[in-house]
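Multiple structures are listed underneath, in structure tokens.
Paired with chain B in one complex and with chain C in the other, chain A is shared by the two complexes that follow.
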Partner chain A sequence: MSLLDKLLILSLLTVVLALFMGNRKMAGWSVTVVYAGQLVALWMMSGLGYGEISEIRSAVELTIWQYRLHWQFDALSWFFAFITVAAAMLASWFSAGGWAQAYREQGGSIRLFNVALALNVLGMLVLLASGELLSLFIGWELVSWATFMLLALGSMRYAMHYLVYAIVGAVVILAAMLMTYVQVGSLEFNQVAEAAAGLDNTSIWWIGGLFVIGFGIKMALLPFHLWQTKAYAATPGPGAAFLGAISSRMGLFAIVLILVKLIGISRLLEMPISFTFLSARDLLAWVAVFTIIFPTLTALRQHDARRLLAWHGIGQGGYMLLGIVVADDLGSAGGLMHVFNHATYQAVLFMSVTAVVYRTGTSDLNKLGGLFTRMPLSFLAMLIGIIGLAGLPPMNGFVSKWLVYRSLIIDGSPMLFLGTVIGTLGTILSVYKLIHNTFLGQLRLEHETVEEAPLSMVLPMMLLSAVIFTTGFFPGLVLGWVASVQAAVGLPVLAYHAGGIDSANGGLDMIWVVSVLLAGFAIATLIFFSGGRSRRVHQLDNYAGGHFLTADTRYQYSDNFYPGLMHLIGPWYRSSFKRMEQGLVSMLDFLSMLASGWHRHGHPSFYLLTLVVVVLFTVVM
Partner chain B sequence: MKRKDISIPVEQPKRSNPLANVFDELMDFCRSRSMFMLHYCTGCGAIELPPAMTSRFDMERLGIQPMVTPRQADILLITGYVSIKTLKRVIMTYEQMASPKYVVGICSCTVNGGMYWQSYATAKVLKDYLPVDIYIAGCMPRPEAVIEGLRELMSDIKQGKANSWQRYYKNYDYYLGNQQKLFGDNWQTPTDIIAEARHYNLISEQTEGKHTAVLQQHQKPLEAFEARLKHQQGQAREQ
Partner chain C sequence: MSLQHLLTELVLMPIIAFVVGLFLVLMMRKLGARIQRRVGPPLLQPLYDILKLYGKQTQISHGLIHEIGIVMAVGGYIAAETFLPVPGMNGIADKGGLVTLAYIMMVPSLGLAMGVGQCANPNGSIGISRALTAMFAYDIPFILVIFGVAYQYGTTSLTDVIAIQQQQGMAGWGVVQMPLLFIAGLIALPAMMGKHPFEIYVAPAEIATGPMVEMGGKFLGGLFIMQCFQYYTISVLFVTLFLGGGENWLTFLIKVFAVAAIPLSIAYVFPRYRTEDVLRMMWKWPVILGLLGLALVMG
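So, the complex of A and B:
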């Protein structure tokens, strides 16, 4: 029995424990402890993450019709698994105290929530441990259904929406697997990788294309992204934090596995698209860039904090895919590191928003404001989170985005670079809207008595904030794991040090960057405190064209944010993707109507006769 | 256009550190060279400001620039007659400005009521309600005169003479009394001047008196929001 088996058994135990503990007060805490145990088990496998061991195999093997199913962990799996379990532990910790009580009082079932979360983790671990394509598919289905369970706790309607997409994705993946099996005769990774070099371009187009579509649906690549926002936003807060942090990245994991490990990005370059100058890799890069731009700009329009974040979750996935598709040492490191970074800040942002919802009962950005004085720690968490999300120093998001930008410049793709910059601009604008409308500005009368979220919610947020800052200060902590992942999947390996990277064309040393930044803050602090005595004034002691303000006057606007920008880009929001989806649905409706007409109003005797004639004909011939 | 010396002598505390005055002089010099101006355009004098600010006379070469909010502004420019209704806003705006702050009254109306002397609705003499640093007389003064007046203010600041803002704290009772005469005893602005005077250590015997006693009978002080974790019931604003 290897460590991997122990981890999976522990994960299974978590599910059982969550079932057994039910709605008890200690349910969340006990589950959190077991997640911590899983994390310890993963840490014992950290040799994978540091490139000391290449793989850990599971002792369990199944043989069905001479087909051998087996499971194993390598650096790539370990990297994703570590993020998954850490995210689950913090989400569970966050949910265990006051939140669980409030959820129970609102009629929610903590048992269902805990079980759904634990099942998600189990499914993801099984998926990450898959040793060939069939076990990958099994893990994939486990994850899909577990995600459905968690989403259904929020809104059944949006969960069903997701399910339709997930089933389509699964069918597409199955088709791709069948094609692979027909072409290669095996589903083992190394055999597929060997055979892929000998396959013609058409087969690779079909197999790779179908796989990318199938896994891209989970990752919410354009144009398959419509299911994600509403579903994630409606999920109970800690669940949304977990899903937003890592769930969609399973799609990325599978895409890395297929495109990088099995097919190879360099192969994509040899696959031109007729009548254009583009190759398959460029196509994928552009899909990634549009996945950055459109959802990020859509996030600008949201007035619900959770939807705003969920749209960003889609957009940030584009950076990861883009970095990996560029496939040099900087880009792929940036893409992979962004998985970690995104998990940290997306979780903390969802947690902060959930804390606000817990205290005020709303996540509507038009109904909040001025909460900084009431929830300063949640504000701090959100501040650190949005700096990470916007990709500014000194937080970790800066490092991964810098790596992606750098690789695009070195790669000679100025237009792709421009796309990412537009995406970043949209990100900065919308996260400012998020923190401004929630924590800054005028405090509402009804929020006068609001308090900071309980310690059980604040501590995970603070912990994550510390991680965001630390891995921004010493990116080498994460880049070490990333370099092993690169080595494991056959990408060029990044040369890194504790502060960042050395490169002939200009490296990055975050220790310097952050130190200079902090020194600037120190100077500003000195100037501030060496000046005269300052005095706090009340918010209503404010200038409003000489008017006297009262507490019931709204003098700070939050609705219709960025009207100037919206005037410019507003006409571009045409819901084209929604219309496309509706078109597909009505086409399907029409076809099924035809089929049902054929089935109901046809003549069974005629069919039977035809069938008999055909059979007789076959036999006679 | 000469400044009338109406100032009540202000005692400067003796400093033991000889370098302290050097620093103060440096600060005064810098202050005089960089001023944000909030122009409260009340009357006809406002029309003289655009040419004074823009390329023809170009106030900005003196380091004077318009500012949109009182919190960041140094100069409050009153450009004409102040009706009683306007005066309330002017006082409130003045109190919101951060010290050191300077008031410039432009046009005769701010000096003595000017052509609105007989109006029942205007406040005649601005310095009864706010400590004025510089008057620029004229009906209306030309941009040259405005610039000249502002240069006068600059030299006053450089010499450390323009500290009328301290008078507002030290003689608050006098100013409040005049304000109450116009607006009635219910008059109150959001800013708590007495608390501020205490905070900045600018309190004197004339800060509080019978007029401030009237104010304190009905005053509801606004307590600032502090960042805090627990909400304490019954604290702060509800009292």
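So, the complex of A and C:
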């Protein structure tokens, strides 16, 4: 039995434990401990992450009709698995104390929640361990259904919405797999990779395209993104933190596997699109950039904190895909590192918002404000999270985005670069709105007695914040794993050091950047305190143009926070994607109506004729 | 280079930036005064203003974040100065480069925004919403400029950008090589400095000076210091990107003051743009020029 088997068994045990602990008080804690055990098991495999061993195989093999199913871990799987289990552990920790109690009191089932989370982790580990395309598909289905279970705890309606997308995705992936099997005669990764070089462009277009669509649905690539926001936002808080952190990245994992490992990005460059100057790679890069821009601008319009974050989750996925399809050492490292960075800050942001919801009962940005004085640690967590999300120094989000920017400059793609920067600027605007409307501004009368979230919620947030800062200070910690992943999937490997990268034409050393920034803050503090002593005043003691402010007068600015911007870009929001989806649904409705009409009339001879014609046609072709 | 030498540079660079920044502020105020046929303030007025504000007896704080915001706003720029090479001193310019500098320059804005947010004054928040929107406006042409320069010289290291330009003499300067990008940058420059006609976010008569509404004493003094650094950083950045940096301090300072003076004296005679018009303006002309300039550079 290999380490991988032990890990999977431990993960299975987590599910069983969650099932048996039920709604007991210690349920969350015991599950968290087992997650920690999984993390230790993963750490024992860290040779994968540091490139010391290339793979760990599972002892389990299944043979069905002479087809051999097998499982294994390499650096890519390990990297994603590590993030998955760590995110699950922290989410579970976050949920174990006060939150679980409140959830029970509201009539929720902690048993279901824990089981759903544990099933998600198990499914993801199985997916990440897949050794050929069929086991990949099995893992994929496990993940889809586990995700559905977690989403359904929040809102059945949105979960069903997701399910429709997931099933369509699965069918598309199945079709792509069948085509691969027909063309290659095998579903083994190395055999597919070898055969892919010999396939003609049309086949690669079909196979690659279908795979990207199928997996892209999970990743919420445009235009398949509509299911994600509402479903994630409605999921119970810690579940949303977990899903937002890593769940969608399973799509990215599979896309990396197919596009980079099996097909190769250089191959995509040789696949021109007729009548344009673009290649298949450029098409993907543009899909990624649109996935950055549109969801980010949509996030700007949200006034529910959870939806805002979920929209950003979609947008940040674009940076990852973009970095990977640029496929040089810097870009792909940036894309992969962003998976880790995104997981850290997205989890902490969802947790912080959940803490606010736990204390105030709402995530409506127009009904909050001024909570900093009541929940300072949650504020700190959100602050560190938004600096990471916006990609500003000194947090880790900056490093991965810097790598992507740098590779786009080297690549000579100004418009892609511009797209990524538009995404970053839009993010800055929207995250400022998030923190301003939640923690800054005027404290509402009904929130006067609000307290800081309990320690069980604050500690995981602080831990994640520390990780965000530390991996921004020493990006080499994560870049080591990323370099092993690059080596494992056949990308050019990044030469890094603890502080970032050295490069003849413009490197980055975060140790210096962060140190100087902190020194600057220290000097500015000295300058600040060299001034006269300041006196703290009440929040209503401010300039109101001659009015006297009282506690029952709202003196806050939150709704329609960017009127100037919306005046200009407001008309651009046309819900085109939603209409497209509605159009598709009505078309399906119409088709099914026709089909049922045919069926009821009953023309067996006609069906037979059609069938024969179709069969003949296929045979002749 | 020894560590001691480097540390000396790191200390000197922000101090020089502050002093030059004070004179830049003075020049702006003089220029504005002369255009309006006033005399303008005396030589040391900017310094007096800051000292007066720091020494004030009434210092009103709205809480910890109000204070941290000011610290972030000043500290971010102090850090930024060490990434900007000046004649004879490179600081840690090779550790970050152009893109890093552009993003460090956003840290003070975010700090200021947070500080203002804590004041719970809608006028301040409206001001910040406008200021961030303006940032969204001018950063688009600015980022095209950054890309153009980085592509033209094949590096994001500012020391290399300067070295290449100085090697080739005047003909190698960015302004000769990329005239359209230079103009695009110049149009964005007054907005980056928060000056006429793009300063709707302070609008004293309408939103009571916006972000500054709750700022007094050392809080406002901090913003004054930040402004000195801001003018300096942006001017020096343009000199570095387009005018070959500084061979020596004399030519360097002449270029820095010229870069700040010329566009602003033109812009001073325009009335204020509304926020949406700032966006419209910034996303149209400088972006068109910038894209044309990029096409020339990359073609």
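To be clear about the criterion, the second predicted complex is superposed on the first by the 602 of 621 C-alpha atoms of A that agree within 3 Å, B and C clash if a C-alpha of one lies under 4 Å from a C-alpha of the other, contacts with A are read in each partner's own complex, and residues count from 1 in each chain.
One rule holds for everything that comes next: a residue touches a chain if its C-beta (ideal position, glycine included) is under 8 Å from a C-beta of that chain, and two chains touch if they have at least 3 such contacts.
Everything quoted here is computed from the prediction, not taken from an experiment.
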Superposed partners chain B and chain C on chain A - clash or fit: clash
Touching partner for A:543 - first (chain B), second (chain C), both, neither: both
Partner chain(s) touched by A:372 [first = chain B, second = chain C, both, neither]: both
Partner chain in contact with A:509 - chain B first, chain C second, else both or neither: second
Chain B versus chain C, judged by how many residues of chain A each one touches: C
Which of chain B and chain C A:533 touches, first, second, both or neither: both
Touched partner set for A:449, first chain B, second chain C, both or neither: first
Partner chain(s) touched by A:436 [first = chain B, second = chain C, both, neither]: second
First, second, both or neither for A:555, with chain B first and chain C second: second
Clash-bearing segment of chain C, relative to chain B, as chosen among 9-17, 153-161, 189-197 or 207-215: 207-215
Intersection of chain A interface sets (partners chain B, chain C): 370, 372-373, 376, 443, 532-533, 535-537, 539-543
Chain A contact footprint on chain C (complex, rising order): 10, 14, 53-65, 67, 70-80, 82-83, 92, 94-100, 103-104, 106-107, 110, 113-114, 117-123, 125-126, 128-130, 132-133, 135-136, 139-140, 143-144, 147-148, 150-151, 154-157, 160, 208, 213-214, 217-219, 221-222, 225, 274-276, 278-280, 291, 294, 298
Residues of chain B defined as touching chain A within the complex: 40, 69-71, 86, 89-90, 92-93, 96, 190-191, 196, 199-200, 222-231, 233, 237
Residues of chain A defined as touching chain C within the complex: 369-370, 372-373, 376, 379, 383, 387, 390-393, 398, 402, 405-406, 409, 412, 414, 417-418, 421-422, 425-426, 428-429, 432, 435-436, 440-443, 499, 504-509, 512-513, 516-517, 519-525, 527-528, 530-537, 539-545, 555-558, 561-565, 567-568
Residue numbers on chain A that touch chain B, as the complex places them: 370, 372-374, 376-377, 443, 448-452, 532-533, 535-543, 546-549, 551
